[in-house]
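Please go over the structures that come below.
Two complexes are shown next, each including chain A; its partner changes from chain B in the first to chain C in the second.
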Partner chain A sequence: MIRVENLSVAFDGPEVVKNVTLEFHDGEILGVVGESGSGKSVTALTLMGLVADNARVTSGRILFDGQVLLEAGKPRDRGLYRRYQGEKMSMVFQEPMTSLNPTQRVGLQVDEVLRLHTSLSPRERKEKVLESFRAAGLSEEERIYASYPHQLSGGMRQRVMIAMAVILHPRLIVADEPTTALDVTVQNQIIRLLKSINEKENNAMLFITHDLNLAKRICGRIAVMKDGCVVEQGTAEQIFLHPRQEYTRRLIQAVPGRVKKNRSLEERREPGESLGEPVAEVRNLSVYYRESGNSLFDRKKHRCVVQNADFEIRQGESLGLVGESGCGKTSLAKAILGMNRDVEGKILHHTLRPQMIFQDPYSSLNPAGTVGWLLMEPLRAQSAREGARPMTKEDMKEAAYQMLRRVGLEDSYFHRKPSQLSGGQRQRVSIAQALITKPGLIVADEPLSALDVTIQAQIMELMQGLQQELGLSYLFISHDINVVYRMCDRIMVMRQGKIIEIGDTEEVFREPREEYTRQLLAES
Partner chain B sequence: MRYLGKKLITLIMTLFLVSAAVFLAFQIIPGDVVTSILGTEATPEMEAKLREELGLTEPPVKQYFHWIGGILRGDLGVSYRYSRNMNEMMPVAELIGDKLPVTLWLAAFSFVLILLISLPLGVIWAKSANPALDAVLGVLTQASMAIPSFFLGILVTYLFGIVLHFFVPGGYVSYEKDFPAFLGYLFFPALSVAIPKIAMTARFLRNSMLTQMGADYVRTAYGKGCTRRRVMYGHVLRNALMPVVTFLGMIVAEIVAGSIVIEQVFGLPGIGRLLVSSVNNRDFPVVEILILYITFVVILVYFLVDILYRVIDPRISEK
Partner chain C sequence: MKPGRKKQNPYLIAGMAMTGSAAGLGLLGAFWTPFGTTAMSAAERFQAPSLRHLFGTDNFGRDLFSRVMQGMGTTICISLLVVLFSAFFGILLGALTGYFGGVFDEAVMRVIDAVNGFPSILLALVMISLLGNGRQNLILSLGIVFTPSYVRIVRSEYVKLRDADYIMRARLMGVGKLRILFVHILPNVLPVLGVSLVIGLNNAILAESGMSYLGIGVQPPDASLGNMLSDAQGFLQSAPWYALIPGLAIVWIVLGFSLFGEGLRRLGE
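== the complex of A and B ==
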């Protein structure tokens, strides 16, 4: 019996986990769902004994098969915990890129678990590591054993982490957002792997995610967390079909299921009116990536990352661009924005310079400027350009205030700095920044993926509202098929640098022509 | 292998450029070697004769290649200033022969001291959860970093030489006669050069380790059930050493320069005084060779650092 009882945890300030009770059963996956800051990761790390040293357990205890691992008011017993960590309980983390030691061969990193907890001979240990690699779905296990983390793909690294977690058949596996950093197709493989391990080993699993859809697919029971509290707990079916809490309902609604909120371009069109004029035409475009050599003596390599792209973006439409990471989505977007000049073919713009909304509002806004300064920056750049009509400072200020209101922020935000804003507010500022020069086309590169689900829904609504109000066109890049379905009139599928399918969203979803598209759609 | 070849070419090119730069500098800076040798009372005939003898009537480019050609044949040229006897100028090789090793040994000794003291110190400092030790080391390293080496040399001479009689100030044994004793005499000078660098390196390693301790892979290691000690030595140290190795490579040139200064404070017969007087006397064959030697040694150390870096970080070798 593994139980978290009435657990409350505080760092230097107020409690971030409040009276959380969770119970783990063999062979069951318990999902903990919540937005960032809801306390789900702190709960998991406290359970694993990995929470930062300045955390204080203010109430409750953790029981593991009759043994009290942790109790409020008593210091963490590291020696006791070490006997459990890795052997009876283990953890798979979110970031497979950084969760492995970059300077040690991965075989040895897995081997360390055996060195710590068993007295096997080196040869037996290696045999066991290889076996565990196979169990985690890694072929060529000898090669993997001798590889460094940077020589493996994200999916492979996560499999190594899983091999490390299951090698001693622990009673409890904690998986903290194990697929968030991975591509859609790889995500699904990892999910299937975790599920099959759970069935085979009949152990308990704690699965932490912000993605309700994912939780629905893998978890038997789900606990919904908000502001450090478990607000609702029950079987997956109960949670989804009969949510009792308002917050749970909101979470479920915010998940972009296959609901079309936006009318398609055809419907929006008045009778007799033709399709919108193209705002940008991309004709037979190939984009190259120059791999810079090591030094003077290396020959420069020229790699084609986008091949013969040919399409147009029409006035007032949202064109979705989907595909796995590395397929050339971002290279194509950069070429359209004029940020990559190593291209062949033609890009014709029929409106003002296109602008971009970036993925991560935490790093794409200059932290030193105030919101107002950030908003006026594109105007200053524009005024400084040759032949442009210079704007007075007052005009710029006025335009910035107008834009703030337009993206739903109060005037007082003008003097704040990005660090004082939440993720959603920052993304609003990003959008305002992109719109302030009145471009006709906006390229949005994964504008939602760094945000929480409820915030995602708000930003999507904002983007759609602005589109209708201002007649904008979007090139919307995303790996999330459901978001694209909801946002976009047409959809474009990219694979290995080629656009393999383009068409009306409804049609592509109903009858995908390409096998690859079918796979992508099936997996989300 | 290809990498080594590339490095070798870089090494040769660098030496070539440095030699040309030094040669050029002596063409440009004011002052004439002939006046400097003969004094102001020499007749124009005497000056012309000496000029002819030294090969200074040739065009500079020809002079340069003549000189470089000599070096490649193993002939380092002769000093313009020092003579072996009445008729013969002093060959540069002979002049610097027993002085250069003193300076290089001093630099090497301080480098070893830096490694031996700063690395353990940095690790202990990073591991320590003791705020008192933390504060003491913080102040101590801050102070040592701020004191210039030559002043430190004077303090060390006073404290260990005059007050505590650990060594005789001004004493010296040639490295050819008694090597261990020679190293004994180098200890305090080397320490004076090393102390500020020890403070910097220890600080740097400590900060690097503290940064690494927040990394995700450290959490993974704890999650396996590693002890703090195992996490430190098995995972954190190697990753934390990478920037430190780069830093150590960068301070090599400073250590050589520091050695040249400090040997004067301790009265060691290194190249310091010779270098200064040769610059003043426009004795450029001597200066050129000294600078080339130092450049060669510094580049060689950079090269070793580069290889070491590749050993520590597997990600480098494949880029």
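== the complex of A and C ==
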């Protein structure tokens, strides 16, 4: 039996994990769910003996089949841990690109686990590696054995990581957000794989995620963490059907299920009746990507990333754009924004130039400016461009304060720098910055993906509120079908540079015309 | 680090104290010195440091403390101008090449490669021999020699930042190119540049002293730490303090700026 008892962990400051008790059973997947900073990763790393050296265990202990692995007040026994790591417990990380060594063939990296822990001959080892590749659902195992990480796709890399984790048949597998960096379709394959491995090997699994939906699909029991504490623990059914804690309830509500919150817009129009005038028309648009050479004299390569896109975005609607990464979503968005001139076809704008909300709120705000400066800069650029009727500095300041209040931030944020804000607050500033020049169209490229679930719900609400207030149109790019369903009036599915389906969200969800769409919908 | 407790930064404090005292003395030396920098006194030649002459006197009986004051002022002032010159052109060229790339970038970078191909002091010597002696020419040639390293630093930052989301966004807002270059990007380059500016200041001080030592920088009777060293080398045995004192002054300033730079770097972390 594997138990974490009353574990508390502190770094230099206060405790980040408080009195956490978890129990692992064979053949069961225990999910630990929480937002970023809730201490779930620190718990897992402590359990694995991989936590940083400046972490102190202030209370509790970790038991592994009667053996005390770690106890408060005693230094970590590295020798003991080394015997357990890899052999009896192993870990799958979030980012398969950085957790594999880019300079080594992946076969050898998996082989190393065997070399360290077993006394098999090289041939037996290779046989075993190939076998575990097969078990992890990798066909062409010989080719993969000889590949470098960059030659594999994200999903394949994660399968290699899983092969590495299960090769010694450990008693415990810790998977820390193993699917967060992957596409939806791949995500599902990995989830299924983990589940089948768990059933076959009958081992214990700790599955860490911020995504309650995922936890619901894979976990037998779930522990909800908040601020370092386990606030609620129980079977998945208990947690989802009868949550006892207010926080759990909030988390569950924040998960965008197939519920249409955006009722008002639906009420506004009869089904079938078209929305307002188009704010942007895209006519027979193809976008090319020019691979720039490193040298002055390199021939530039031309690649078509979007083929013959033809659609329009109407006044007051949200048009969802879904598809896997690399399908050309972002290239299309950039072309609409006029940031990619390598295009054929026509883009007609009927309103002010569209603005964009980016995915990563940490890199989309200039770290050198204050919030106020960031909000006034678009206005300054606008009046410099128009020239005729320049806004005074006071007007700009007033407009910036108004916008700040509109996105739900207090006046005091005016003088703060982006580095002093949380992810959600930054995304609010980001939205304010995009809206301040009153553009008719906003292109939002995965605006929620980098945020925690509860924050996601808030930002979604904010975006919907602003849409109704200002009559905005959104082109909403997302890989999360549920978010798109909740946010968008119409939906557009892209695959390999082509728009394969476009229609009313309800219709597309009810009866998708394309096989690919059906697959996308089924998998989330 | 506990909240509320300020991090100690002894590097910054020591560096500021050392450079501050040197710059203060130098500045004062431009207006007033105890004995005047050129006043000779045959009766007081080669006096060891004493209360009357803190640093002693030289072969003409000139007060070394006065001359060190002037010399430090001259050295710091010339080095500052050299660094300002090279930083200005470094930022300008680095920003333009890094942001726009293309043929202009290639051309500038190849010229810079060519300049880097020569030992920098040698190149400065050649330039001065073409332009003639004197402070302006010294500043100009050292400035040109120091520019390439700043161009490289600034350029690499601009290459990195030109595709940042927030710069893309500024373009989307319709912010003008010049404003993007120098209002949106430059503040994010300064922290990186600041540290290398201080290091560059050190190199400039050493280069200026070297050039003056070789007799092609500041011309006598004006004092510079370099030409004082050069004057002193004939009297190493009879009057060791004569060489020691300007040498220590150079060490003092360079060490001060090094500590200052390290302090700045730690402050940035």
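Remarks
To be clear about the criterion, the second predicted complex is superposed on the first by the 505 of 524 C-alpha atoms of A that agree within 3 Å, B and C clash if a C-alpha of one lies under 4 Å from a C-alpha of the other, contacts with A are read in each partner's own complex, and residues count from 1 in each chain.
Note that in this section a residue touches a chain if its C-beta (ideal position, glycine included) is under 8 Å from a C-beta of that chain, and two chains touch if they have at least 3 such contacts.
Since the structure is predicted, the reported quantities are computational estimates derived from the model, not experimental observations.
When both complexes are superposed on chain A, chain B and chain C end up sitting side by side without clashing.
Of the two partner chains placed by superposition, A:K200 touches none, neither chain B nor chain C. The superposition of the two structures on chain A yields an angle of 30 degrees at the Cα centre of chain A, opening toward chain B and chain C, reported in steps of 10.
Shared-chain residue A:D12: touches chain C; no touch with chain B.
Between chain B and chain C, the partner in contact with more residues of chain A is B. Once chain A of one complex is fitted onto chain A of the other, the partner contacts of A:Q433 are limited to chain C, with no touch recorded for chain B.
With both structures placed on the common chain, the touch criterion links A:Q104 to chain B but leaves chain C unconnected.
In the superposition on chain A, A:E95 makes contact with chain B only, not with chain C. By the document's definition of touching, of the two partners only chain B reaches A:L116; chain C does not.
Of the two partner chains placed by the overlay, only chain C lies in contact with A:S363; chain B stays clear of it.
After overlaying the two complexes on the shared chain, residue contacts for A:R83 are found with chain B alone; chain C is out of touch. In the superposed model, A:M164 lies in contact with chain B only, and not with chain C. Once both structures are overlaid on their shared chain A, chain B and chain C have a minimum Cα-Cα separation of 6 Å.
With the contact threshold set out at the top, not one residue of chain A is in contact with chain B in one structure and with chain C in the other.
Chain B contributes residues 6, 215-217, 219-228, 230, 234-235, 238-239, 242, 312-315, 318-319 to its touches with chain A in the complex. Remark: chain A residues 12-13, 296, 337, 339, 353, 355-356, 358, 360, 363-369, 377-378, 380-382, 384-385, 433, 437 touch chain C in the complex. Residues 1-3, 103, 106, 164-176, 179, 184, 187-188 of chain C touch chain A in their complex.
Contacts from chain A toward chain B in the complex involve residues 48-50, 78, 81-87, 90-91, 93, 95, 98-104, 109, 112-113, 116-117, 148, 150-151, 161, 164, 294-295, 297.
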